[in-house]
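Each of the two complexes below includes chain A, the first together with chain B, the second together with chain C.
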Partner chain A sequence: MVSTVIPFGPQHPVLPEPVHFKLKIEDEKVVDAIPAVGFVHRGLECLVAKKDFVQMTQVVERVCGICSAMHGMCYCMGIEEMMGIEIPKKAAFLRTVWTELHRIHSHLLWFGLYADAFGFESLFMQFWKIREKIMDINEATAGSRVIISVNVIGGVKRDISPEHRQWILSTLDEVEEALRDLEKVVYEDYTIRKRTVGIGVLSKEKAYELGASGPMARGSGIDIDARSLGYAAFPDLDWEPIVEYGGDCFARAKVRFREMLQSIGLVRQAFQKMPRDEEIAVKVTGRPEGEVITRVEQPRGECLYYLKGNGSKNLDRCRIRTPSFANFPPIMSMLIGCRLADVPVIILSMDPCISCTER
Partner chain B sequence: MKMLPEIIKNLFRKKATRNYPAVKRVPFPNVRGELVNDISQCIFCKICETKCPANCIEIDKDKRTWTYDPMECVYCGICSESCPKKCLSHKPEYRPPMTKRQVITLRGKPLPPKPAPEEKKSDTDTSS
Partner chain C sequence: MDETVKNTKPQKRLKPSSDAFKQVREAKIGLIRKLIAKARIKSPWLLHFDCGSCNGCDIETLACLTPVYDIERFGIINVGNPKHADILLVTGTVNHRNKKVLKKLYDQMPDPKVVVAIGACALSGGIFRECDNVVGGVDRVIPVDVFVPGCPGKPEAIIDGVILGLQKFVQKQKGAKDGD
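Take a look at the complex of A and B:
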């Protein structure tokens, strides 16, 4: 049969960021997919040579906009481990609150894009309308909407006042209510089911073999969540990783939807259990020396930082492995054999974060 | 079809958008917006210059100038937190869009002639 090669991206209506796929098509079927990344490489890892280890906190936050708090936290956790710093308990809880808020707004953003991928514009706007509430919380508590810059080595920069706490809890109630209204649409709508159920199936074995992470793995029935490593305040909170067994685009959407509701619960729990003391950061003296690996769960999966310090103010190495990078091999295997019309939905179901991947 | 009740409800809800150029969004009170320096308080200690992760502040101690590039600034707030005189602060509004690159240079008052530098000079004079 004659085969055609169709370029998908780097500019494509469904893609929020530039990634390019060469799709080899036979009739309607994709028989091969070759990814090309490298359109937004910024060389952030290289900046360790120029910026000192404290300034690097601000640099790593800019690896990804949508999960900046997690990047900052992962980096700070690494440096703290290297220098043997124990952060105040309250700081751990505050970090948890901000990172969970990030997870909610990231998943809301994804749902918007996802709805857009199969042309469901009104759902897209609905999700982004809800997201705005979370962005307001970020802005009011941390001083910035997206890159909130609250993590510092040794703790956090800002505290959440009791008034803000009340306001956040009532806003989260509104968000939950709005999400419950949309739950039915996401789970039962005819169009959504038609476009996602049984599309882009990734079996449990395949997901494990190809090293899927985050909602990609959990949507295929693998119970893996880096939050169970027990960083920040997670050991004190009551939660369980969310797992779905379908392995298709629908299951992944379901995982994300349930995670949003779970994160709302986690924020509430964190506020309840947060200690009342004042201290939110400890003073840091000295320079980092040694090697560490830290892992945190980002909205897209597990993020890994490898840091190497040599006792000077600049680190030797800061290597970041982001979840989207780990999710590329599974996406390649899912694309093969699918129909051309399903490609955007499948690619979006991985929640590609290209700026993260390329740094 | 499942979306229909939501769409109908939206007809009776408050508008989610605003009439932008006419109605502007008011940022929250402790937002890190435009960076301003009260130059009369500044002691040109260079702490903000060293700590800034974007290297967008330049200070000339002798000429007593504080130069800041708002286009490079990432509004992280490190400088205003570490300023010993607390003369750096963020206005709770975002910087309006600009059509041209603009670098802000603030000049401090020249130091009143102090006896201290004179003494030093004479010290070096005598030693040499």
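Take a look at the complex of A and C:
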């Protein structure tokens, strides 16, 4: 049979980010997929030689704009562990609140793009309309919509006032109500089911073998969530990882939808259990020395930081492994054998973050 | 409407080689050109290219299209094909790999065209300007008409930048006409 090579990207309307796939097609089936990366590579890790360890917090937040709070938190946790700093309990709760808000906005953003991938324009608009409420919370509490930059080494920069707290809780109620309205569409709509159920199946064994992480692994029935390591305030909160067993695009969407509702609950719990004391950051003296590995759960999966300090103001190494990088091998295995029309849906079901992967 | 177009309707079919036929054709093409020129101002189409940004500016650009900011009220639509686009929105730093892609996209757009660079990275390289793989701002590769500051640029600022770009677009169109 004659095979054709179809390029997908680097500039493609489905994905706002530049990623390039060479899809080898026979008839309507994809027989081979070759990714070409490097369009967003900036060489961010080399900045450790030029910026000191405090300034690096701002740099790592710009690894990815969507999950910037998680990157900042992971880096700060690493430096704190290296320097033996215990952060105030309230700071841990505030970090939890902001990172969970980031998770909600990231998943809402993903749902919009996902609906757009199979041409459901009105659902895209609905999800992005809900997302603006979360962005308003970010802007009101941290002063910026996307890169909120609240983490510093030793705690957080800002506190959330009681009036804001009340307003956030009522906004989250509105968000939850809006999500409950859309729940039926996501779970039962004919078009969505037709385009996602049984598409891009990743079995549990394969997911484990290829090292999938985050909603990709949890959608295939693997109970893995880095939040259960117990960083920030998660040991004090009552929650469990969300697992679905379908392994297809529909199961991954379900995981993300349930996680949004769970995150709303986690923010409520965090506000309830937050200590009333005033201290939100401790003073940091000295310079980091030694090496450390920290892990946090991002919206896309597990993010790992390896930091090495040498006692000077610049770190020796800052190595970042992001969840999208781990999720590339499973997505390549899923693309082989699928129809050409399903390629955007399958690629989006992984929630690719190219700027994370390439840095 | 021109006299020539009005007069041609009841007459018998003209020979394609005749001068009258050429005149009519020119008049019709002129009218279509006028219409297109007006439509491009009233409904400019955007092409968005992420040129190595951290996603912050991209999601703010996309947020402009959604109900809260609703850039479509200016007749603006986001398209994927550079040959359909009038305004190019670029976010992020230029690096050694994507500078060719950016140049190609710019060259494929029809004249007149406007480039809007969004965010600190697109202006100068931002926080990444010291990185080894970064060339610098967008203006190192293609001419830029409007710069939108911010890290990331706010949706309000982006809409403002696009409207400023639109004014430049009108100027460029007039300039092109005078040049003919």
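Structural remarks
In the analysis below, the second predicted complex is superposed on the first by the 359 of 359 C-alpha atoms of A that agree within 3 Å, B and C clash if a C-alpha of one lies under 4 Å from a C-alpha of the other, contacts with A are read in each partner's own complex, and residues count from 1 in each chain.
In the analysis below, contacts are C-beta pairs under 8 Å (C-beta built on N, C-alpha and C of every residue); 3 or more make two chains touch, one makes a residue touch a chain.
Quantities reported herein were computed from a predicted structural model and do not represent experimental measurements.
When both complexes are overlaid on chain A, the residue A:Ile66 reaches chain C alone and has no touch with chain B.
In the superposed pair of complexes, A:Leu109 makes contact with chain C only, with no contact to chain B. Using the contact criterion defined above for the overlaid structures, shared-chain residue A:Glu17 touches chain C, although it does not reach chain B. Contact with chain B, but none with chain C, is seen for A:Ser122 once the two complexes are overlaid on the shared chain.
Greater residue coverage of chain A by touch, when chain B is weighed against chain C, goes to C. In the superposition on chain A, A:Gly38 contacts chain C only, with no contact to chain B. By the document's definition of touching, both partners, chain B and chain C, reach A:Gln58. Contact with neither chain B nor chain C is seen for A:Gly265 once the two complexes are overlaid on the shared chain.
By the document's definition of touching, of the two partners only chain C reaches A:Val146; chain B does not. Under the contact criterion defined above, the residues of chain A that touch both chain B in one complex and chain C in the other are 58-59, 62, 129, 132, 147. Per the touch definition, chain A reaches chain C in the complex via residues 10-13, 16-18, 38-44, 46-47, 50, 58-59, 62-66, 68, 109, 112, 124-125, 128-129, 131-132, 135, 145-147, 353, 355.
Per the touch definition, chain B reaches chain A in the complex via residues 1-3, 6-7, 9-10, 16, 27-32, 51-54, 74-78, 81, 90. Only residues 48-63, 66-68, 78-80, 82, 92-93, 95, 97-98, 101, 105, 127-128, 130-134, 151-152, 154 of chain C touch chain A when the two sit together in their complex. Only residues 51, 54-59, 62, 120, 122-123, 126, 129, 132, 136, 139-140, 143-144, 147, 149, 157, 181-182, 184-185, 188-190 of chain A touch chain B when the two sit together in their complex.
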